[in-house]
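All chains are identified by letter, namely A, B, C and D, in their written order; residue positions are counted from 1 within each chain.
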Amino acid sequence: MSKVKVIPCSGIGKVFGLMARETALQVTDKLSPDTTETVCLASIVTGDDAARAKVEGCTCITIDGCPALCSAKSVESVGGIVKAKYRAVDETRNHRGKNAGTGTALTEDGWQIVDEFAEKVAAKAEELVEEGKNNA
Amino acid sequence: MSESTFMGVPREKIDWSPRIDYDKCNYCMECADFCPHNVFEVNEDAEKKLVVKNPNNCVVFCRACGKTCGLDAIDFPDKKETTAYIKTIRKEASGNE
Amino acid sequence: MPDTQVGVISCSGEECLGGTLARMATRKVMEELRAGRVVSLCLPLYIAGGEEERAFAKEFPVITVEGCGKRCAEKSTIKYSGGVKDTIVISELLGEDVALSKVVSARDLKEEHYKMADIVAEEICRKVDKIVAE
Amino acid sequence: MSKSYAVLPCNGLDKRAGCVSKEVALTLAEKTDSEIICPVLYHVADARYNKIAGEKPLLVIDGCPTRCASKLAAEKNLKIAEKINITEEAKSNNIVLADGLRIGENETRLVNIIVDKLTKEQESAARADGSMIFPENLTYEVYKKDKFAFRVPKDKGFYFNENDVWAYVAGNKARIGVTDFVQKSLSDIMFFDPPEIGNEIEQFEEAGSIESGKAVFEVVSPVGGTITAVNEKLLDMPELINQNPYELGWIAELELSDFESDQDLLREFDEYFPILKRKVDEFHV
């Protein structure tokens, strides 16, 4: 089975987009580099068939910032199989009163939320990898 | 900001702003951090480290800063009286036209 | 036109350093260097159907900031709003070896990265000023 | 109120929360006309339960975050009317579920709280259904600033206060909510604290609050009266306020006490729109 694709929106306007981006980078680079990888969201939607082939028919986890769910919508539109959808705004909700930062930089609190969030996504990715093995 | 009005009444005629109870306040400054309208002023060197500097910046009927105060040290004028007062002034004004 | 606003769309790509630099530079221009003049548009939202972003890009001049030669932001702007006024490609500006190197998390940013982002930000400002002067 | 549910509990037998989900289902079936769908049998024999699920609004009860019941409902293409998660309910009610799978004192307490809530929700929904006729398609005037578009409904019956809260008045009822100015300046709204149904409030008193990462906004009611309904969807999906604060994102409904007097201090569209424009301009500077 190919690696699980972890695809954030990386929205630029709000802190949630940055949180989604950093969570994805943390999962694919630090926590589960052997089983997951990230893909440029913009390139799979605007790019050629080769770019599209990176997600088409593949197991994907999307990490969106806000309820607009841009990553989930775009990945689905090019044929990625979205097995789990996450939203940074929901994780922030679980830390009421914390200021996570801005679209430019995260605060200590923001990083802490990202760390917990990344653990959760990585666990999900491992689960999907196991699932893939069993079905193979 | 002198031209600002609320319901057609000059803002400075309406007495609406937070009242700090200095017996309760512990100068945590949560309210000042919270308010986006620059109503409070913080001066760490003064005896009263927190004062209501710009009462007319306060949004009439907004009491949101009071909620940030765990000690209940912030109070506001009576809404009903304020409403009645605004109505009276509006009547006077329209009578003068 | 002193009131002209300029939209900037950054690629924010996830696969290489260029994406991170595009994002950092765009945020800096919007927040500090040309605050009020520049409006940043959200590329993922723009692609996924954001009406406010698309309408703005039809009405106002837009500059795209691309991490690499794939020029994703430019392609989508042309597709959904007609065209772009100008484009910055970081792999051309700073070289491919820099732009295409491994993506860096905001947590691991070093002095050198901020300097690179500053070069990109200055380039954005130059293009913004040129558009405004027209 | 004999309205009832088709209840689909997860019925997890080897988990505490699963056992509680079963207990909630049983209690509902006893107290109301609700009918239970057995998730185990449903897996192998559809026909028997598809009928029930088609006739009554579907209530899904999940025990734990695995959400087996929700997944089953999705798999069977069922339309979910109401959702309950036992673990979350326990947390929000500060009830610690005991070890072991039998129903104890704490568990019974939680079951009663949930059942009460579900039956009460039915009543308020039923009351709201009959009470307020709200226009289906609103006409908006839009003010654009930067890339943002601020809408204000032009339809007759809409009133605004200068705290950027609207009221739509029909007869002796009103529905209230915030305007696009509030929603956009707060950005993503994450919490909704509803006003209490049955509470009597005066004009300009608080009717709940909403909160984003930036600030808390107190909903200053444009009208006085008794709260008859709140938009409970916002508890799970406060983002509906960001999507459209005039339609799916409404806040509450009231039975009016003295609208004639309230009206003196309210603006109609023509007067509010310039105020919104001014605020938008000032906010962005």
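The rule we apply is simple: a contact is a pair of C-beta atoms (placed from the backbone, for glycine too) under 8 Å apart; a residue touches a chain by one contact, two chains touch by 3 or more.
Nothing here was measured: the structure is a model prediction, and the numbers come from that model.
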Set A-C beside B-D; more C-beta pairs touch across A-C
Measuring centre to centre with C-alpha atoms, which chain is farthest from subunit A? B
Using CA atom averages as chain centres, what separation in Å is found between subunit B and subunit C? 42
Chain centre separation (subunit A, subunit C; CA means) in Å: 22
Cα centroid separation between subunit B and subunit D, in whole Å? 32
Counting only residues that touch at least two other chains, what does the list for subunit C look like? none
Touching pairs of chains, all of them, please. A-C, A-D, B-D, C-D
Which residues of subunit B touch subunit D once you look at their complex with the stated criterion? 6-7, 34, 36, 59-64, 67-68, 79-80, 82-83, 86-87, 90
Would you mind writing out the residues of subunit A in touch with subunit D in their complex? 14-16, 66-67, 89, 92-93, 96, 99-100
Quick check on the complex: what are the subunit D residues that touch subunit C? 144, 146-149, 284-285
Counting only contacts in the complex, subunit C reaches subunit D at residues 5, 7, 36, 39, 41, 51-53, 55-56
Within the complex, subunit A is touched by subunit C residues 10-15, 19, 23-24, 26-28, 31, 40, 42-45, 47-50, 70, 72-73, 75-76, 79, 103, 105-107
